[in-house]
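Alright, structures below, take your time with them.
What follows is chain A paired twice: with chain B in the first complex and chain C in the second.
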Partner chain A sequence: MEEIYKELAAIVGERYVSNQPEEKFIYSRDPGTMEPSDPDFVVMPNSTEEVQQILLLANRKSLPVVPMGGGLVLSGLTRPLKGGIVVDMKRMNRIIEVNEKSRYAIVEAGTSQGMLQAYLKKHHPNLKHSVPDAPPIATVGGNVLIHGSGHLSHAAGFHSEMLNGMEVVLPTGEIARLGSCSTSPYWFSRAPLPDLVGLFLGWAGTTGIATKLAIKLFPNRALNDVAVFVVEDAELAPDIIHRITGVGLAEDVTAWMTPKPDWAEGFVHININYSADSKDELAWKKNLLRAPLKKYMDEKIGGFMMLPAPMKKPFLEAPASQLTRFADTRKGGGFEYVGAIMPVALFPRAHQVGLEIAERCGTTYSTGARILGAGHCMMFFYAYPFNRADASDVKRAQVALEETNRAALEMGGIPWKAEAPAQKEIIKRMDENTFDLMNRIRGILDPNRIMNPGNWEAD
Partner chain B sequence: MHELKYDEAVCEKCESVDCLVKCRYMGLDLKSAKEERLRLIRGESSRALKDCITCYACEEYCPHGNHPFYLLVDRQEQSGIWPVPIPLTKQQIKMMAPKGRITREKVHPPVLNMCYFPMLKGCIQGKLFDGVSTIVGSDIFCNIMWLHFAKNSTIRERLPQMIDNIWQYYLKDSGTDELICYHDECYGTYTQLAPAFDIDVPFKSIHLFEFLTKRLEELKDQVRPLGMKVAYQRPCSNRLVPDTQRWVDEIFKRIGVHRVDREYDRENALCCGGVLRLQQRDDLADDLVNRNLNDMLAAGANVCVFNCPACFFTMGQAAAERGLMPILMSDLCRAALGEKLTGVF
Partner chain C sequence: MEHSEILHRCFRCGYCKFPSNYIDLNCPSYLNARFETYSPGGRMWLLRAWLQGEIKTSPRFAEILYSCAACGNCVEHCVFPKFKDDLLNAFIAGREELVTTGAVPPAVRDYFKSIHLHGNPYKAPEADRGKWAEGLGLEPYSGHEYLLYIGCVGSFDERGQNMARSVAGLLSNLGISFGILGREEFCDGNDVRAMGERGLFEHIARMNIRKYQDLGVKKIVTLSPHAYHAFKNEYPGLGGNFEALHYSQLLAPVIRKAPFKRSEGPTRVTFHDPCYLGRHNKEYRAPRKILTAAPGVQLKEMERSENDALCCGGGGGNMFTDILGGGPDSPARVRVREAARTGAQVLAVACPGCSRMLSDAVAAESLQEVLEVVDLAEFVNRRLAFH
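Up next, the complex of A and B:
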C-alpha cells in the first residue's frame, strides 16, 4: 500500500493524496443514513491527465476507484464500498469557457454550483444555469451525472438533459469526448451524433470519470416573481400542475407539503417561478399563468397566497436557503431524502404514502415535488432530517427511507440517485435484458470492475 | 353569544340606504339598493354578499350607526359564502391563531399596542417614542381581519381572549388602563367593533394619531417642517373610526407637509387592493392600485403616507416605482424631528 501511496503522490503531488485516518473518516460517509465505508486513499487530481494516470494505476493494481464531486449526494454513492481510491474532483474547478451567444458553459467536473453562479453573475449577467436546491458547494458535474434537477427544470427538464457534451476518462484510461465536442471545437449539442453521453448518466460513477462538461445556459431576466397556489386536496394537484405547465411560461414549478410552520399543515402549496425583462412582460406572464386556474379560484377550492415582497424573497432564492434550514430541524447534521422520479398523475398517492410512512416511523413528514419539463414527470421527494448523534433517530430515518423507496417502486416510480440497497430493489424490477445490457456495457468499459464496485449490482 | 347590535327596524325604515348606494364597487341605484337591503335583512341570497369587497366603508356611510357591514359579514358566513378561497381562509386562520406564548410582563405607560406586526417594532424608536413600552404578538392580535373572510365567528371566538390577555398580562398591574393602538384596526376593534358585538373592553384605547399629535406638541421646538406634498392612503379600518381623520390633518399641519387635495381621499377613499388579491380579484386590485397612484400623482404628491402596514405592503413598491416615496405616518413624524430613517423591512 505504501508503494501505491507513493505512486499516487507522484501523480497528484504529496499535498493532494492521503491515507490518514482523518481523511479516511471524512470520505467514508456523506450526510445521509448509509453506513460509512473507509477508502484506502483519497486523491485530488488537478487535470484530466492526472485522472487518467490514477485510473491506469488503479487498473494495474486492481484497486476500486470512486469519483466524487461535492460529496453531497446524501444516498452514499461516493462511499467506497470496497475500499480503494476516492477521487475528489474539487481541484478541477475551472470554468473553461462561456459561449454567450450559444448559451453554454464548459466547466471542469469539480466546479461548484456557487462558483459558476458567481462567475456568471460577474461576467455574464444575462445568463444563468439551472441551480439545484443543494448547498453551493455541490458540483455542477455531480448533479448533471446523477440526473439532478433545479430552478429551470420546468423549462428544460433534468440537468442531464441540459448537458451538451462531456470529456470523460474511461476506466481503462482512455480520454473520450462525447457530443459535438468530439467532432467540432464547439460544445453546442449532443445531436446529431450517436448519443454516448448516456453511458455516464445515472450510472453512479461505475462507467468512468467525467472531467469536463458543457451545460446549457439560459437567459437571466431582470425581473423574477413567484406565485404560490394553495389547495387542501392533493387529488387536485395533477390537474393543477397540468394546467400550469400547459402554459409553458414558468421556469420552475415545485410543490411542498409540510407540517411546519403550523399554518402550512394540511395544504398543498405549488410554487410557480417565472421571470421577465420588463414589468409589462411580467404582468402578462402572471396573468397567463393564473388564467388556467380560474376554475379553482371561482369554486373557492384553491387560490394564490398574497405574498408581500418580504415574504416572496425566500421563494425567489436559488438555491432555496429554507431547505437548508429544514434539513437541520432535528439538529445533529443528518439529512436524507428519497427523490422518486414518477409521473405527475401519481402525486396524490405519493403524498399519501409519505404521510403514512412518516406516521408509522414516528418522523415528521415533509414531501414535495419538482416538475420536470412540461409536466412530463416529477421528482417527488420525501425528506427525513435526523440527528446523527442519536442512533435511534438515524435508524428511524433509515427505516423510513427504505420503506419510501419500496413504496415509490410499488406505485410505479423509480428512486433517484438510489442508495446501493435501493439499486438492488430497482434491479429486481428491471427488465432482465436491460440489466444484462448494463452489465455487458460495464464489462466492455471496465473489464477489471474497478469503478465504484458495489453499485448497480444485483444481490 | 356576542350578538351583533343591529336593529332591523332602523334598517328597514332607512330612506337613503347609503350603505349600498354609496358603495364604490357595487354600482347600485337606490331602487336596487332597497331590494338588496331587504334580502339582507331576510337572510336571503343577495348580490351584495358576493360583490362586497369588504372595504368596511358602509360602516361609515350608515347614517344610523347600525352596523350594516357587520350584518353583511354575518350573512356571508351564514350563507356559506367565502370571499377568500377556502384553503387560504383556513390557512390564515391557522397562521394568525394565538400561539399561547404570552408571558406576564410589567409594562410602563404609555403602552403601545403593535398588534401582530412584530416587523414594525423597528419603527418604534427615537424621541417620538421615548419611554414607550410596546406589546406585540399573536396572543394580542385584534382579529378584526376576519371581516374580510366572512368569519365573524372567529372574531367572536378569539377577540374576548385577546382583550383579556392585554388586560391581564400587561395593563392590569402596570398602573394604566390606556392602550395606544398603532394600527387603525386595533383602535377600531376596541372602540367600535367590540361594542357592536357586545364584547367588554376594560381599557381605554388611544389612537396612534392622538399620541403622535401630543408628542409633536411636546417636541414642537424640534420639528423641522418637511415641506412635502403628501397623499394619504386611508385604510379600510379607519372607516370604523372616521373621527380620527382630524388627527391626520393636525399631524400634517404640525410637521409642515401639505396634504394634496385628491379625489380618492377621506370618505371617498379607495381600497389599497390588498384584500382583493386574497379574494383572487387581481384585476380589480391592480386597477385600484393604479387609480390610487394616478390620483396621487395627478394631485401633485411626491410622498404616499400610510398608517396601515397591509396597505404599505400592498402599494409601497408600486408607489416607489411610480416616484412616490412610501412612508408610514410614524416614520414621517420622525423625519420631521430630524431623525434618520433606516428602513423597516
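Up next, the complex of A and C:
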C-alpha cells in the first residue's frame, strides 16, 4: 500500500493524497444513515490527465475507485464499499466557458453549484442554471450524474436532460468526449449523434469519471415571484398540478406536506415559482397561472395562501436553506429522504403511504414533490430526520427509508439515487434483459470492475 | 469537552465553506487543504469521533484542529441558528483538550513556551517591548483618557512597529489624550486563548487587569483587533471591565476634522476587514469612514468584504505556527490576488497581523508594483497637511 501511496502522490502531489485515519473516517460516510466503509486512500486530482493516471494505476493494482462530488447524496453512494480510492473531484472546479448566445456553460465536474451561481450572477446576469435544493457546495457534475432536479425543472426537466455533453475518463483510462463536443468545438447539444451520455447518467459512478460537463443555461429574469395553492384533499393534487403545468409559464412547481408549523397540518401546498422581466409581465403570468385553478377557488375547495414578503423569501431562495435546516429537527444533525421518481397521478397514494409509514415508525411526516417537465413525472420525497447521537433513532430512520423504498417500488415508482440495498430491490423488479445489458456494458467499459463496486449489483 | 453537546448536530452541509454570495471558498483551512476534514463540518465530526474513541489523537488530527484560523466565517454562514454561535467555541474547546493531553503540534508548543519564557511569541526580550516608541516622545500612561495598547505584533514585528508608530503619531496629531505602557505592557493573550491554553490566558488576563486597575485605566484603545476582542469580550468575565476600542473606532468620529492636504489625484483603495474587528465584533463602518474621509479616495470593495471577508490566515495563532500552510491557495495569497483584481493601488489594513500576512503575500505573488499594503493610520498620515 505504501507503494500505491507514493504513486498517487506522484500523480496529484503529496498534499492532495491521504491514507490517514482522519480522512478515512470522514470519507467513509456521508450525512445519511448508511453504515460507513473505509477507503484506503483519498485523492484530489486537479486535471483530467490526473484522473486518467489515477484510473490507470487503479487498473494495474485492481483497486476500487469511487468518484465523489459534494458528498451530499445522503444515500451513501460515495462510500467505498470495497475500499480503494475515493476521488474527491472538488479541486476541479473551473468554469471553462459560458456561451451567452447558445446559453450553455462548460464546467469542470467538481464545480460547485454555488460558485457557478455566483459566477453567472457576476459575469452573465441575464443567465442562470437550474439550482438544486442541495447546499451550494454540491457539485454541478454530481447532481447531473444522479439525475438531479432543481429550480427550473418544470421548465426543462431533470438536470440530466439539461446536459449538452461531457468529457469522461473511462475506467480503463481513455478520455472520451460525448455529445456535440466530440465532433465540434461547441458543446451545444447531445443530438444528432448516438447518445452515449446515458452510459454515465444514473450509474452511481460505476462506468467512469466525468471530468467536464456542458449544461444548459436559461434566461434570468429580473423579477421573481411565488404563489402557493393550498388544498386539503390530496386526491385533487394530480389535477391541480396538471392544470398549473398546462399553462407552461412556471419555472418550478413543488409540493410540500408537513404538520409543522401548525397551520400547515393536513394541507397540500403547491408552490408555483415564476419570473418576468417587467411588473406587467409578472402580473400577466400571475393571472394566467391562477386562471385554471378558479374552479377550485369558486367551489371553496382550495385557494392561494396570503403571502407577505417575509414569507415569500424562503420560497424564492435558491438553494432553499430551510430544507437543510430540517436536519436539526430532532436536534441530531441528520436527515435522509427517499426521492421516488413516479407519475404525478400517483401523488395521492404516495402521500398516503408517507402518512402511514411515518405513523408506523413513530415520526412526523414530511413529504413533498418536485414536478419534472410539464407534469411528465415527479420526484416525490419522504424525508426522515434523525438524531445522529442516538443509534436507535438512526435505526428508526433506516427502517422508515427501507420501507419507503419498497413502497415506492410497489406503487410503480423508482427510488432516485438509491442506496445500495435499494438498488438491489430495483434490480429484483427490473427486466432481466435490462440488467443483463447493464452488466454487459459494465463488462466492456470496466473489465476489472474497479468502478464503485457494490453498486448496481444483484445479491 | 465544553460544547461537545453540539458536535453531532452538524449536518456537514458545507454552507460554512462559503461567503454569503458563494463566489469562492471562504474557510481558510478548507480553501488551502481541500480535504473535507479541514472544513468546519469535518472538524465537528472528527472531534466527535475523537471523543468517542473512533479516531485516536494524532499529529494529523492536531494539525486539522490548529489549522482553523478562528476567523468566524463558519459561525457567520452556518444555517443552523440554534447552535452556530458555538462552532468556533467547540473548536477552541477541542484545542483545550489537546493542550490537556499534551498533544499539540510542536509549533503550538513552542508558541506557548515562548509566551511562558519570554512573554511574547517572538522569543524577544521583554525589555525591547517599548522600543517601537523610541524617539516619538510618547507619554507613559498616567491618567490619560486612553491607554494605547500595542500588543506583541506591534511591539516586535517590523511592520507592526511601523503601524504602531503611525497610529500613535496620528492620535497625537489629532490631540487625543493617551499614554502607553512601553516595556511595562504585556501580551493580551487573545491568541493564547484561541489556541486552547485557557489557564495561561486567564493568568495573563488577570495580571493585565490588575495592572490596568492599579493605574486607573478606564478606556483602552488597541492597535490590534485581536487585543480589542479580548479586552471587549473576554476580560469582563475575569473582572476587567474597561471600555475597549479599536483605533479605527476612536479615529472614525474625529477624522473629518483632520487637516487633509488637497488631493493629488484619485487613489483606488480596497479594505481588508480583519476578522476580530469585523465578523467577531461587527465593526465594518469605522475603517471605511476613515478611508473615505481622505480627499480623492475611491473605495473599491472586494468581492468578499465585511461579514464575507476572506481571512488572511493569520488568526488562531497561525501567523506564528504556520500550521495552515502556504502555497498559491493560502488565504493570504488568494486575498491579495482578489484585492489586485479590484484595480486598487492600496490594500488598506487595520490589524498588524493582517499587515504582515498580506505584505508577505504581495511579495509571494509579485504584486509589489501594483499593490501596496498600508494600514489605516499610515494611509491618513500620508495625506495630512502637518505630516
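A few comments on the model shown:
Methods note: the second predicted complex is superposed on the first by the 459 of 459 C-alpha atoms of A that agree within 3 Å, B and C clash if a C-alpha of one lies under 4 Å from a C-alpha of the other, contacts with A are read in each partner's own complex, and residues count from 1 in each chain.
By our rule, a contact is a pair of C-beta atoms (placed from the backbone, for glycine too) under 8 Å apart; a residue touches a chain by one contact, two chains touch by 3 or more.
Note that the structure is predicted; figures quoted are calculated from it, not measured.
When the shared chain is aligned, chain B comes close enough to touch A:D262, but chain C does not. Of the two partners, chain B and chain C, it is C that touches more residues of chain A. Once the two complexes are overlaid on the shared chain, A:A327 sits against chain C while remaining clear of chain B.
In the superposition on chain A, contact of A:Y27 is made with chain C only, not with chain B. Looking at the shared chain after the overlay, A:G114 reaches chain C, while chain B stays out of its contact range.
Of the two partner chains placed by superposition, only chain B is touched by A:K300; chain C is not. In the superposed model, A:E232 lies in contact with chain B only, and not with chain C. Of the two partner chains, chain B is the only one that A:A309 touches; chain C does not reach it.
Within chain A, not a single residue is touched by chain B in the first complex and by chain C in the second.
Note for the complex: chain A touches chain B at residues 230-232, 261-267, 279, 283, 286-287, 290, 296-297, 300-306, 308-310.
Contact residues of chain A toward chain C in the complex are 15-16, 18, 20-23, 25-27, 31, 42, 44, 70-72, 88, 90-91, 112, 114-115, 117-119, 121-122, 135-137, 321, 324-325, 327-328, 331-335, 387-389. Across the complex, chain B meets chain A through its residues 82, 84-88, 90-92, 94-95, 97, 119, 274, 277-278, 280, 282, 286, 313-314, 316-317, 321, 345. Considering their complex, residues 8-15, 17-18, 21-24, 33-37, 42, 45-46, 49, 54-56, 58, 60-61, 64, 79-80, 82-83, 303, 327 of chain C touch chain A.
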